[in-house]
Every structure is written in C-alpha cells, then in structure tokens.
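Two complexes follow with chain A in common, the first pairing it with chain B and the second with chain C.
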Partner chain A sequence: MIYHRPQSIDEALALKSSLGQRARFIAGGTDLVVGIRKGRTTVDSFVDLSRVPGLAGLTRAGDTLRIGAACTHAQLEREGITALAQACETVGGPQIRNMGTLGGQVGTASPAGDVSVALIALDAVVELASVRGTRSMPLADFFVGPGRTSLEPDEMVLSVTVPTNRKSVFYKIGKRDAVAISVVVAAASVSPSGDVAVGLGCVAPVPFRPRKSEQMLRGHPLTSERIDAAAAMAASEVSPISDHRGGATYRRAMVETLTRRLLRTLADTPYEGLLSVAMSHS
Partner chain B sequence: MSNIGRSVQREDVEGKVTGETRYGGDLRGPETLTAAVIRAAHPHAKILAIDLAPARAIEGVVAVLGREDIGGTNRHGLIKRDHPVFCDERVRYLGDALGMVIAETPEAAKRGVEAVRVQYEVLPVVATMRDAIAPDAPALHDFGNVLATQLIRKGDAAKSLAESDVVLTHTFAMQGVDHAFLDLEAGYAEMVEDVVTIHASGQWVHEERRLIALALGLALERVRIVQPATGGAFGGREDLSIQIYLGLAALTLGRPVRMQYTREESMIARHKRHPMEIEYTLGAKKDGTFTAAKVIIRSDEGAYASTGPAVLRKAVSHCTGPYRVPNVEADGVALFTNNCPTGAMRGFGACQLAIAYEGMVLAMARALGMDVVALKRKNLLRDGECLTTGQVVPVASAIDCLDAALARFGWADRAREAPSPTVRRGYGVSTFCFGVGYGDGYPDASRARVRFADDNVLEVYSGGVEVGQGLHSLLAQIAGEEFGIESSAVRVIASDTARTPESGSSSATRQTVFSGNAVKLAAGELHRQVMDAAAVMLGLHWEDLVIKGDRVVGVHHESVAAPLAWVLASARERGFLLDATAVYKPRTVAPVDDSGQSPRAFLTYMFGAHIAEVWVDIETGEARVKRIVAAHDVGKAINPREVAGQIEGGVAQGLGMALMEEVVTRNGRILNASFTDYIIPTILDVPTIDAVIVERVDLEGPYGARGVGEPPLIGAVPAVLAAISDAIGRPVHQTPATAERVWTIMQSPEPTLVTTWSLS
Partner chain C sequence: MSESNALHPERVAMTLVLNGHSVSVEVDPRETLFDTLRERLRATGTKGACLGGECGSCTILLDGEPVTACLVMALQADGRAVDTVEGLAEGEQLSALQAAFVQAGAVQCGYCTPGLLVAATALLRKNPKPTEQDVRRGLAGNLCRCTGYGKIIEAVLNASQQGDAQGTQKSALRGKR
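Then we have the complex of A and B:
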C-alpha cells in the first residue's frame, strides 16, 4: 500500500492518471475506509486530497456557490442554503460531518445519499477534472447507478456549484434521529422564476429527479391542487425496492407525502424565512 | 453517617472516564497469539467432511483445532447441555462453530479461517415457528422441535369468559432484539502453571468455569475465570462465547492467546431476545372488573435451548402482570428453528408479556369507554393479594408507582392540543411487575466473604460480576455500613473463580438482594468477631460496645475507647482471623402441580409505572418520544444516583425495542448484522427521562432494597406503544413500531378508537 500526498490538484490528477483504477482518492475516508475494512473495496494506493490547496474552497460568484470537493459536511451546514444545510445536519454524527467531504458524498453515488438528494434538488452542476482537462454536467446526470458515476478512471470530482437564489427545503425519514441511513429522503427547491426541482432518495437506483412531476409544475403557481397532482406523479415515477430498511409500498407513499409537504412549504414560506422553517417536529 | 441511601461515587468511574480501564480487548501477554472461529456456511446442513489442512498451510497459522481436539463433552448450555463447542455432524445456525484457527496475527488467523474447506449437505431451513411445527418439518434435535411447554391453570377461564360482559382477543408479535453492548466479546487466556486462566467478560464466572471444565474434560481446579472490566451485558453474556475457545487454545498450545469478535460475528453468534407471538383474550364485567384471561405464547427458540425454558416460564408466570385476574388459562411453547439461538435479555420473557397485557388493558378501556387509569386502579393488585401463580405479594406497589408517576408527570395538566396540523400528541401509561431472582425452585444463592486485611482495610470478596450496573460499589457500601466505614475505603475483590466465593449470576435483577444480603450477613458476622475482640480488650461486655468513627467506644462509658486498629491488632494477637463468610440462599418453590401454581415462584416482586408522551407524524408514521416518567418501587435505593442511572438506561433500551431495534432474519440469515443496519437509539432519540424512586421496604432485601435492573426496560415499551396508539387512535401490537408500521396501521380500514381520559 502506497500513500501519496500531492501538493496540488495537477499533481493529484497526474498521480491518478499514472496509477490507474486501483489508486483511490481519499479525503475524509468515511466511506472508503469502511468499504476497505468490509472487503468491498480493494485499494493499491491512496492519493490524499485532504491537504491539496484550493480543493476545500467555497467561492461565491453572483447567485452561485462553488463548493470545492474537499469541503466537509460540517462546513456546508453553515452556508445558508436551506436544503443543503438541513441535509448535511442529518449526515452521520458530528465526527462524520467533520471528516466526510462533498467529493466523497457525490462520488460514492449512494441512492440514499442525503446530501446528493439535496444537491440535485438545487439543480447542482458537478465539475470533473483530469489531466485531460475539466468538464461539467448536471449532478443528476452524473449518477448512473448504485455506486456508479460518470467519472472516468483518471477523473476526480473537483467541485459542485449550486445556485444561492433558490428557496429550498429537505426532509428525511430515518429509523432514528442521527447516524441513520434514510428510509426515504426528499428535497425541493424553487427558483426566482418559479422553476421547481425535486430530489428523491432511496426510491430509485440513483438520487432521483421526478422530471414529469417537475414538468407539471413548470410555469404554474404552486396551488394546492397542482401540488397534489405533482406529488402523485412523483410517486408514479419512482421505482423503490423493499429491503430491511423499508418496504416499497411505504417508500412510494412517502414520496407522495414528502413531495407534497415540501412543495407546500415552498409555496407557503416567504423567501427569507426558509432557514428557520422547522420541517421536523423534533 | 450512613452509607445506605447515599449517591456515592463508584470506584470504577474515573478509569472509565479517563480511558485507563482495561476491557477484555485491551488484554495481552508476551507473544500473544490470536484465535478466530470457523463458522457455519449454512443455517442448516449436514457436515460431510472438514478439511483443516489448507488452513494449517497458511503462513503465520500456528494451529487449527477441531472437534477431535476437545477432550470433554463438547457441549455447553445453561439449562440443557445442547450447544456444541465444535459441531461434529450438523450445523443448526450460522453462528455454529466448526473449529478454530490460532495464528501469530489477526490477519493470518482470518486467512486461515477462510482457507478451511467444509463439505456440506444442505438441509431445509426451519426459518419460522410455523415451519417448526409443519408436519414434514425436519427435527432439529433428537426430541423434535418443541423445546418446552409451560402453562398456568387458575380457576375456570373458559366458563368465566363465556359469562363476561366484554371479551376481547388480540394478537401481538415481538421482534428479536440484540443486546448491542458496546464492549464486544474479547478476552485473553494463558496457562498459569497447569491452570487455564481466562480473562473474559461473562455474567457468572463460576458457572462458566463449570461449563468449560465439563466441555473440555478438565478438572474444575484447572480452569480459572477472571472478569475484566465489562461494557454492558444485558443477558447477552450469560451463554458462553469466547471463553471456551480461548481456554481450548491456551490449553492446547500452552501460549497466551487473545481473541475478539467483530460486531458482525458478535451479532451472528450471540443469542437474542426471543421473538414471540401472543394471542391474548381478556374478559371483563361492564364495570371494568377483569374476569379471565386466556393466553397463548409461541416463542422462537432458535437453534439451541440457552435459557429458553426459563424465559418461557417467566413469560407464562407473568402473563397477567400486576393485575387481579381470577381465572387464567395460559399456554406457552418454545420452538426450535434455524435462527440465532434466543436466550436471556433484560426483561426475560416478562417484557414481551407486558406488551401484551398492557395492550389488552388499553383495548379493554376503549371497549368499555373507560379511562385507562381508572381501569388500572380497579384491577391492580393490592398488598397481600395473589399473582397469577397463586403467590401472595406482601407489597404490591404498582398503584403507588402509578400515583407517583401521575404526580410527577403533571397528568391532570397535560397538554392535549396538536403540536402541528400533521403531528398528534399521545400519552401512554404502563403498569407492570417482575419477579426477582431465578425463581421456581431453581438453586439460587450468593456467597460472600468479608474480612479485615493485614493492612486493616475492610475487604469484600464476591463472585458477582460488575457489568456496568454498579454492583461492586453497592457491596462496598453494604460492607462498610456495618462498621461505619465509607464505601470508598472498602476494598472489593471480585469475579475471580480462584479468589472469590460463588455469588451466582449478574442477571435476573438478583444481585442487590442476593449478594447484598450475603455481604450484609458476612459483614455482620465479622462485626461480631471484632466486638468480641474489643470486649476482651476493653473489659466490657460486647453488647456495651459500639463502633463510632474509627474507634470502638463504650455505649454507656464514653471514656472507655480504643482505636479500631488497636482492636484489630489485639484480635490478631489472640489468634482471630477477622474473616467471615456467609451464604444467602432463600427458598423459592417450583410449580406444585400441573396447574403451574407456586406459593413462592419468585423471592420478591418489583412493581413500576411509566408514562410516555409521544408525538406522531400522522402522514409519515414517525414517532418521537418527548418525555418519559418512570416510577419504580426499588424497596430502598442504596445508591439513588445509580438507581436513577439504571432506570434511564433501561428506558432508553426499551425505547429502542419499542421504536427501532429489530433483528431482521430471512431464511436463517440475519440481514442487519451491523451497527449500520441494526438501529439502536442515539442520544438524540432519547428524551428527558424522569426517574421516580418509590421506596416501600422489601421484606427480603438488604435494608429493604429490592433491586432495579430489568423492570425499567419492561415498562418503557408498553408505555411508548400506548402513547402512539393514543395519538393515532389505533392499537399498536407489533414491535418495533417503526414509522412504516405505524403508517401501515393507520392505512388499515379499522375504525378509529378513541381513548377516554379522565382527570384521574
């Protein structure tokens, strides 16, 4: 096992390019190390990103926030983007949130990734880099299956950019109030022009956007009737499975319930008031 | 100043807080080897051949041991000796062991285990209790799949039910639960001369020694068990685990060996709480007076007996809880399956029955349109009345606990408004009872030795193990009390089979009464020895002398006095040992005939009452416990802070069982054998817990104490379920009440039930 500690993004990318598939980027290690211990992941060498300058930066430009891949969940709890903050607050416990990074969150591509669900609901864009250059794509398109992404073997997640001018909100159903993998998780946001985006977790092979439901809302005010119809549509778009965390029937029903609840909250809440919205009664 | 009733600081607190305490996993000797167990690959299969040779060829592997390396019976088990150390013909669950690898490193041991080749003939899996009683079910043991049956016959339940004004029948189902102690099975063994010395955490070192000696074919003197610091047990360390493998390895190789389970191995190998199905029929008169109960209990025993027969008896004997039910017909059956064996866990069968009888009481209150608290008052036993077993309880204090809990909760002023349009508030009240000790005539005794050591320090010797509950500190309080010595100045030597007398298990909520009494008796005897010596030295009759502070003084002549140290020195000069041993062995009585009745099934009974406030999201089914008041009659709280701690811990564990904990098993495989997937409460899930200590003197226990261990869990589960039920207007009769289950119950077409509350 070789442990590399590159001093720049370029050096990290060059290392990954030469070391290949079985070299893994590591930052917080909160998922990778667990996978290695359980024998799910085999790693020949690590490329440590935790001290690479410029990778943990938060950059505001206009109505966007660019989040460096090495930013921790704990940092993002404080950035004033409601759904993102609420999602980050529910991840693991304080120790995990202090270590786990955004790059690891999206790179893991868990269908139950709470923060990934919040990010796709914010219409986030992910930026990927390799020695060949950089490219960007909507985060929702980045996920291709459970644990699978569009990353090429020599690529890394460089950043995720989210708008700062959307109202957003998040809700998670877990089996307990901390350190719990979600049973169902949902987030939604609305842009100043009224475009609605919804993110759903644990109900499809990837963090999922119910496009038909979103389409139904496009260009219409968020009336109670329209919200109900869109929520029902979202429930028809998902493909949940039954496992030891929850049944498909419940998950599908909760997609409708949570979509309706989140959209109503967006409709009812003044633009500035969202950070203080108590979604959970806990 | 008295030690009794004082919240003294435990002797083990500082080490635990600073991290200096050494648990089983911290122990090592020179050049210590690592052992690992070879486990079954199928929940049910015939073993055709085991090839250990490939494991022996792995670099770093020192030895691979199998069935042929065991010299004794190769069997253990607390009631029946049916659990093989290493399976020879058949595996009956995935935790079954076939052998072990001992290596220079943990990694080599793991590779060795993976290299072992076993040929199986896979057999049909008995996955459920229904499978176990199917006509073509494979017999998992020589005598079939029925481990035990138990019953109660009292009065004429059938006739009484036919004559009752209201008769209700409900079905209940409880899940398998893991003990989830944080200190995984881990330990160390070495040969000290020819004695196998095993440092590992159990719950009854002397019984573990016997079981290991018999299974390995060793003389008892050649086995020594020493308990290290222990991070929780909850019944989960009653059955043997690593102790026997460690012993075999050290014995065979003559070298120090250590081992530690992973969380997954711990969950797969260790027994669980019994999943039960209960059909309960309760009859009542129009005025609410209970008339009769008919109860059928089915208990999933898993692959081996463990303590199953005793758990079943406790379930049956607690089937009507703290209520007066004149006619009872209860039948229990424990069935073998290929699931993880089930055995002792905090609550021991009484916990599952409390869910059932409290569910029935709530249902009856609704059917009668009565306030449930009033219905309880009408039917709760009073002092001197009989339990279902026919046993008279001199102190039946459920009613006292209920009153104390209602007062602390502020019941009359409780809020009723919904916290939000989608969230409803519910309240649940539970009342319950629990028999202390093994009971039913099973041999149950504690021994203790108390002496003044050569340095004049008061010493207590007890075989009782400290598993987190504060036993050793309590014994120091009691021993010191006899001499006016602070507990912190008492030296406790405990849980070492070579040095301490047998004190039974730390289970059955028994140590406060049993070892507490044994220490009190021994200390009393030592006190007599000291006073005799003082009488000779000071020339007064012993009755005219008393210990005050660090001196012995005349009762009527304060001028006659001597330092206690001088008295002890004088006693030694005259040849006294200043050493006393005592045994406390009270009588309980097995069922006297085939009715299951016993005049003293248990030594004494504990009563309690809980009130829970739960908020339920009626759209998602999520339930959050906002507050629990837990009142327990502990007789006398010898250390009130420790009693409150036990209550808080038991409530938290009960909340886990009520809402989230569940061993999910499919076809003999546990699907959630990790702390990622087996969900226990975190600090964010546990609300404010008000521990209310009720003290009605016990007739048996030291200073009137009765113990506390198990009942806090028992009370919390039905209180939380009743509160959810109150919030959603439907019965909740299945645990855990996850969001999905609660939501599913709400979708069912059954009409909404209305709880009638009065300001009682």
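Then we have the complex of A and C:
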C-alpha cells in the first residue's frame, strides 16, 4: 500500500486518475477507516486530502454558500443555514464532527446520511472534479443507491453549493441524541418565491425527495389542508424497510408526521426569522 | 506521475508534537494514530474499546480539537500537535479537571476516563462556563458503562466553577502551539 499526500487539488486528481478505483481519497476517515477495519473496504493506496489547500473553504456569493468538500461537520454547525446546522449537530459526537467532512458525507451516500437529507432539502448542487474537468448536478440526482453515487472512478467531490435565502428546518428521530444512526430523518425548505423542497432519510435506498408531494405544494400557500395532503403523499412515495432500528410501518407513519410538522414550522416562521428557526432536538 | 509525495511501506518517518514535545517515529502507512500512540510511542493512557469511532475511549486532541485516534491515519498527524491524557497533569500535579474527577468519584472501572478527561478538557477550553446541557452535549461522543454519567458531569461542572482552573487551561493550551 502506498500513502500519497498531494499538495494541490490537481495533483490529487492526477493521482486518482492514474491509480484507479482501489486508490481511495481520505479526509476525515470516519467512514473509510471503519470500513477498512471491518473488512468491508479494501484499499491499495490512500490519497490524503486532509491538507490539500483550497478544499476546506466556505465561499459566500450572492444568495449561495459554496462548501468545500473538506469542510467538517463542526464547521457547518456554525454557518447559520438552519437545516444544515441542525443536521450537522446531530451527526456522531463532537469527535466525529471534528473529523468527518462534507465530501465524505455525500460520497458515502448513506440513505441515513442526516446531512445529505438536509442538503437535498435545500436543493443543493454538488460539484465533481476529475482530470477531465468539473461538472455539477443536483445533489438529489447524485445518489443512485445505498453507498452508490454518480461519481466516476477518477472523480472526487469538490464542493456542495446551497442557497442561503431559503427558510429551512430539520428533524431527526434516533435511538439516542448522539452517535446513533437515524431511524427517520426529514428536512424541508422554502424559497423566497414559495417553492418547497423536502428531504427524507432512512426511508428509501437514497436520501429521497418526495417529488409528488413537493409538486402538490408548488404555487400554493402552505395552508393546513394542503400541508396535510402533501404529508400523506410523501408517506405514499417512500419505500422504507424494517430493521433493528425501526419497522417499515413506523417509518412510513413518521414520514407523514415529520413532513407535516416541518411544513407547519416553515409556514409559521416569518422570513425575518429564517436563520433562527428554533426546533428542539428532544 | 510524480512519486515525490508517495510513501511506501514498510516504514515512514513522521514527526508529531506529543504533549508539547516533538517526537519522531517510524510508522506503517496502514496504521492508525491510535496504534502509533500505544504500540510505538507507548503512550498507553489512550484506551481503545470499539475502534470504530463510537465510544470515545481513544479521544485525543489533534491540533487542539478532540478526535477519536482510532479513525485518524498515523500519517495524517504528521507535523501536527497531539495531546493525550498523559499531558494533562504537570508531573504529580493533577489538572483541575482530573482533581475534580477524583473528588467527585467520577471514575469506576476507569477505562473511559482518559477519553472523557481529554474531551472535557477541550470542552472547557471552548466553553469555560458550560451549563449541564453543554457538558452533556460536549461529552456525547464518550460512552461510560459504569457511572451513569452523573458524577462525570458533576466533576466537569465543579472544575468549571473553580474559576480559571489553571491546570485544565495550561494543558489545553499545549494543543495550540
């Protein structure tokens, strides 16, 4: 095994291009190292991104925030985007949040990825890079299955961009507050023009957007009746499984409950309060 | 492709600042910092239980931030400051936090204690006057199967109430150098 420590993004991409699939990028290591120890992942060589300049930057431009792939969850807890901050502060414990990065979060493509759910509910766009250039796509389209993404073998996640002018909120149901994989997780946001986006986790093979439910809300005020109908529609769109953390029936019921609760919170919160939607995590 | 930055096994030299002292060590690029600390540097105060980032027993400070050493590759710590439980006391003089643990009886089997002390040191440095809720959140990444946490939380709050718990601050500052 070989351990590479590239000094630039270009050098990292050139290494990945020449080394191929079993060369793995490592940054926070919170998923990769566990996978190696459990024998789930075989790595021929590491390409260490933890000190590549320019990969951990946060850039505000207009109504957007561009988050570099090496930004940690701890950094994003403090960035004032409600759903994103709420999701980040429920991930792991303080130690994990100091290590785990945004690029790892989305690249791992866990259907239970709390932050991925918040990001798709913010209509985030992911930027991918390789020696062939960069490309961008909606983050919701980037996830193709459990642990599977649209990344080509020579590509890396470069950044995720989220709008800063949406009201948003996040809620997680877990067995305990910290270091626990979620049972059901949900997030929602609304744009200044009234477009609603919903993200759901642990209820489909990927972090999931209930498009029919979102469609029902498009162009309509968030009335109580419409919210109830959209929440019921969201529950009909998901495909949860039963496992030791929760049953499929329970998960589907919680999708309806959480979707309704989050949409009501958004409806009840004035835009002026958009950066400080208060929701308890109890 | 340039191999200039490629490191081949079996041994690669690296340097870290361990508890304020510069240390050179040869590591296998496949090993974690947890293994380097315990097996090569014999800094066995850092304990390991789950080795999967879930229990917090191996919590250390990397450039001042609490992380679980079992998930850090050794070479990721090259050139960086690493603080472990061994760095908290000044010789025989316990840090205020350590003394508070002793006083409150916050230790039972003791296995989680080093990780908790390091995590709590980081917590108090960032937030010298935490509420109980702050302490619970700050220590949420550390499991203890004996105490039920009550006395641990009490100890951290007691340490924080001793003004500028100088021992705690001194040790914690090392991570910033």
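The definition used in the following text is that the second predicted complex is superposed on the first by the 274 of 282 C-alpha atoms of A that agree within 3 Å, B and C clash if a C-alpha of one lies under 4 Å from a C-alpha of the other, contacts with A are read in each partner's own complex, and residues count from 1 in each chain.
Heads up, the rule we're going with is that a residue touches a chain if its C-beta (ideal position, glycine included) is under 8 Å from a C-beta of that chain, and two chains touch if they have at least 3 such contacts.
Only a predicted model underlies this, so the values are computations on that prediction, with no experimental measurement involved.
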{"item": "Contacts of A:Ile26 with chain B and chain C, given as first, second, both or neither", "value": "second"}
{"item": "Which of chain B and chain C A:Met254 touches, first, second, both or neither", "value": "first"}
{"item": "Partner chain(s) touched by A:Phe46 [first = chain B, second = chain C, both, neither]", "value": "second"}
{"item": "Touched partner set for A:Val144, first chain B, second chain C, both or neither", "value": "neither"}
{"item": "A:Val131 touches, of chain B and chain C: first, second, both or neither?", "value": "neither"}
{"item": "Chain touching more of chain A, residue-wise (chain B, chain C)", "value": "C"}
{"item": "Partner chain(s) touched by A:Met99 [first = chain B, second = chain C, both, neither]", "value": "second"}
{"item": "Chain B versus chain C as contact partner of A:Leu15, first or second or both or neither", "value": "second"}
{"item": "Which superposed partner A:Ile2 touches (first chain B, second chain C, both, neither)", "value": "second"}
{"item": "Footprint overlap on chain A, where chain B in one structure and chain C in the other make contact", "value": "93, 177-179"}
{"item": "Chain A to chain B touching residues, read off their complex", "value": "93, 173, 175-181, 183, 243-247, 250, 253-254, 257-258, 261, 281-282"}
{"item": "Residues of chain B defined as touching chain A within the complex", "value": "419-420, 422-423, 615, 617, 619-620, 622, 624, 659-660, 664, 671-672, 676-677, 679-685, 738-740, 743-744"}
{"item": "Residue ranges of chain C touching chain A (in the complex, touch as defined)", "value": "1-2, 5-9, 12, 29-30, 32, 51-54, 56, 59, 62, 65-68, 70-73, 75-76, 119, 122-123, 137-138, 140-143"}
{"item": "Contact set on chain A toward chain C in their complex", "value": "1-7, 11, 14-15, 18, 26, 28-30, 33-34, 37-38, 46, 48, 50, 74, 92-96, 98-99, 177-179"}
